[in-house]
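The following pair of complexes shares a single chain, chain A, combined with chain B in the former and chain C in the latter.
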Partner chain A sequence: MSGMKDAGHLFRFAGLFVLAFLVFLVVRTYVVPKSFGEYGHYRGAAIGEIASRPIKFAGHQTCETCHADIADTKTKGAHAHVNCEACHGALAAHADDPMTVTPVKPDTAVLCAQCHTASAAKPKDFPQVDPADHSGGVPCETCHNPHSPIIGSDSGASAGSGSSAKTAKGGAK
Partner chain B sequence: MNISRRHLMILLPAAAVAWKHVLAGTPADSPNYQMSEHWWGMLIDIPKCIGCGNCVRACQTENDVPDGFFRTWVERYHRSDWHLENPEVISPDGGKEGFPEVQAGEEGMFFFVPKMCNHCADSPCTQVCPVGATFIAPDGVVLIDPEYCLGCAYCVQACPYGCRYIHPTKKVADKCTLCYHRITKGLTTACCEACPTGARQLADLKNPNDPIHEFLKTHTVQVLKPQMATGAKAFYNGLDGSVR
Partner chain C sequence: MSGVEGYIYPNEVTLYWSVLIVLYPFITGLVAGAFILASLERVFSVEAVKPTYRLALLTALAFLLVAPLPLVLHLGHPFRSPEMYFTPHDTSAMAMFGYVYMWYLMAVLVFEIWLDYRREIVLLSQTSKGLLRLIYKVMTLGSSNVSARSLHIDDKVGWIVTLVGIPSAFLLHGYVGFIFGSLKANPWWSSPLMPVIFIFSAMVSGIAAVMLLYMATTKLRGLKIDMRCVDKVAMYMFYIFLIDFSLEMLDLVHRVYEADESFRSLNFLVHTKLYFSQIVVQICLGTIVPLVLLFLTQVVKLGEMARKRIYILSGSLALIGVLAMRWNVVIGGQLFSKSFLGYTTYKMALVTREGLLAAIGLTILPLLFLWALVKLLPPWPDKSLHEAATGD
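For the complex of A and B:
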């Protein structure tokens, strides 16, 4: 059995490999996060962490639960498809705590121009004006109700409901 | 442990069943959300875009995107009548504060193209990530695990659409999450919520009642860089051939 005796150093070498592999397995169980590989080659818990980030835009459905009268005016006007927070900004904080967080009313002279300033790059059927030429700096809400902007259309839309009529006037203040 | 062939034959189907349950799992704070029931994408309707920049501002607010970086941005194309393949593209500050005036009588065609992560089904960015920090969630959204990202920026180079950046303070890759924290709660994305013309619409391709299916049937819809076979899920309606 002199052959076996000569191969002894190979066994010691193989033993080192086995030991290294065991150390690797032990280290791996501590280092790799528990949810790694839950859905694929990544940390599964990351999905839940990303999903639980806080929201800032409440969504128009939330707005409409309280401001139903304005939603009603809006659905009958040319801005029916414009969501509340497109103009009023992110207001999830206001929806969470309506008493302490009160939104600032946007300045229509600036806000309306963001969309309605004439440009050759805009779709031809989109209503566009040169703000200086159109109003000369007078706030848009002087003549237009932002929630139903076509002049004359809001009075018709709000005729049925008293609260909506109030809102329309409030908007034109 | 000794696993005979016989045991393996029993274990494999059991693992397959378990895997199905795993896929149907729910993200932490959205108990009614089933990842396996969704496959998210986005519809971008170019003829409706007015370049107001509302989406860019909304995205920055919703996701705390640092100044000078963008998860979504709006480009204005000027496609000259003489150089159809070489459009002039501008996007000052991502289109956040609007665009310079177009000179009266300028030849060619002007139009806006909103850009964002395409949430590719075969995304190049996830393929190159060496640590599994970016991945395609079971509902088709490409996400980044900020805890796991090394900030090596391979993915930033790999994205053919230029949608990724290294966050200046967190030093990890960052990009559009398709407002994952919103869509898992039944809300739409911040950009769709803020878009005044409906030029952007969140689409759930696994929902048979989603209007996207009818839209795709009746419109000529294109994705960006289809030759790269990324399986992009940002569908562009009315996209000019000059858009890259």
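For the complex of A and C:
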């Protein structure tokens, strides 16, 4: 018994550990969200919250319902696999209310350079130029139709930037 | 682009791991090294190093308290850091480290220090006044039993704690090497030798730091330095340094002989951007010079003053060398492109969250903690306390 008495302080220290562990467990119960771990190592409720956010992108099928002529040009050109909103930005708001929400027309002198500026990291067969040397700041659409950029592959530069929908509604700015 | 040579991927231009990540393994290394030195006396019964025992424990604790701060400063969002404990991911080495850190802090260091100081804490809780008395009272955990039997139990339990502490210290610092060594995408880091090299260099830096601190504090207290103790500590530092150097050279020879696809790029790096920090500071000044100096003290009979000067010089150089090693690992590993065709430059900021001033602050902070710990728990025998104890 005296051995136990002389080791009493060790139990106090151990008690401190147990107490700290219990406090940790209690705090953990409060701070860890209830849905954590429901599907994986994250808060399960986050999926519902993200899903409930307003949709920003309309998807190219939606665009094609009104802009069928552009879609036709694009399908035959080198940009067939580039989605509309990759260049024009998220346009669900425009699709929902085409009369009020009119998208800003991208500046091709800036936009095209984002992909087509020469870099050793890009595949050799990918069209790439030094924009300053190539066009000297002149918008790319002067010579290239952005929807079918290879010169001569469509009806001509800038032709593809118009559309039936544009004609009908006064065009994009 | 300034500071970039050759071909480099866009995400390699800026270094994301800054000088604070250099400091982090350096500080944890000092903790592990200081603890291993303390264990020499406790577990391996090396009586000569006894004067450094308590100072080594307090040094380890002071540096351990600061060890996570570089990470917190680097990551930002300090309020998110407890999430590592609340929702740890079992595949994350960093998350597991949180538990290793807490285990080492509470179950090893704090417990061992408490056991070793318990007699003094009880006596100080009876003799001191004011706030200090309250602090000591709390530290006794309400037990004032300092009977010979209870102290004997403390001694036995302390021995076991130190024994458990040795693998814990290896785990703590081995983890840091593991974090780098397990990154297979980076050939500068990816090596199974990395944790072992980190541990041995940690021991060198920890022993050097405690040796210098012991000499400085003894001098400041106007006492005579126990040369038998310092000679022994320096001897251990020399042997461990020798192993550390051999391991680092083994790693180097292995890389040179293996000469994989990264070799030409890394070889160029070592001869250019890392030449000063690796060849000059880490290998020549920080390793070969202190090794030769320490070797001299082992084979030539030198006077006390000469030995002291050599120990101070070699200890300081060893610390600089180990810091340079951390620098070369952390910064060096981010200077070359994984295309092996280009290099970038590290531009250290000055007055930013991850700048030089923050790094200097974090280097000084453990010393302030150590000063406070030494004031609270003096690591050297207190005559007045001894008299008070015998008077009882």
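Just so it is clear, the second predicted complex is superposed on the first by the 106 of 173 C-alpha atoms of A that agree within 3 Å, B and C clash if a C-alpha of one lies under 4 Å from a C-alpha of the other, contacts with A are read in each partner's own complex, and residues count from 1 in each chain.
As a working rule, a residue touches a chain if its C-beta (ideal position, glycine included) is under 8 Å from a C-beta of that chain, and two chains touch if they have at least 3 such contacts.
Computed from a prediction, not measured in an experiment: that's the story for all the values here.
When chain B and chain C are set side by side, the one touching more residues of chain A is B.
In the superposition on chain A, contact is made by A:85 with chain B only, not with chain C. Looking at the shared chain after the overlay, A:121 reaches both chain B and chain C. Once the two complexes are overlaid on the shared chain, A:130 sits clear of chain B and of chain C alike. In the superposition on chain A, contact of A:38 is made with chain B only, not with chain C. Look at A:60: by the touch rule set out above, it reaches chain B but stays clear of chain C. By the touch criterion stated above, A:97 is placed in contact with neither chain B nor chain C. Once both structures are placed on chain A, chain A residues 36, 41, 120-121 are touched by chain B and, in the other complex, by chain C. Chain A contributes residues 36, 38-44, 46-57, 59-60, 79, 81-83, 85-87, 89-90, 114-115, 117, 119-123, 126 to its touches with chain B in the complex. Touching chain C in their complex are the following residues of chain A: 2-3, 5-10, 12-13, 16-17, 20, 24, 27-28, 31-32, 36-37, 41, 120-121. On chain B, the positions that touch chain A within their shared complex are 22-23, 25, 27-30, 33, 35, 47-54, 58, 61-62, 76, 98-99, 101-102, 104, 106, 110-112, 132-138, 143, 145, 147-148, 177, 180-182, 184-185, 187-188, 190, 193-198. By the touch criterion given at the top, residues 7, 9-10, 82, 85-87, 89, 106-107, 111, 114, 118, 140-143, 145, 147, 149-150, 153, 157 of chain C touch chain A in their complex.
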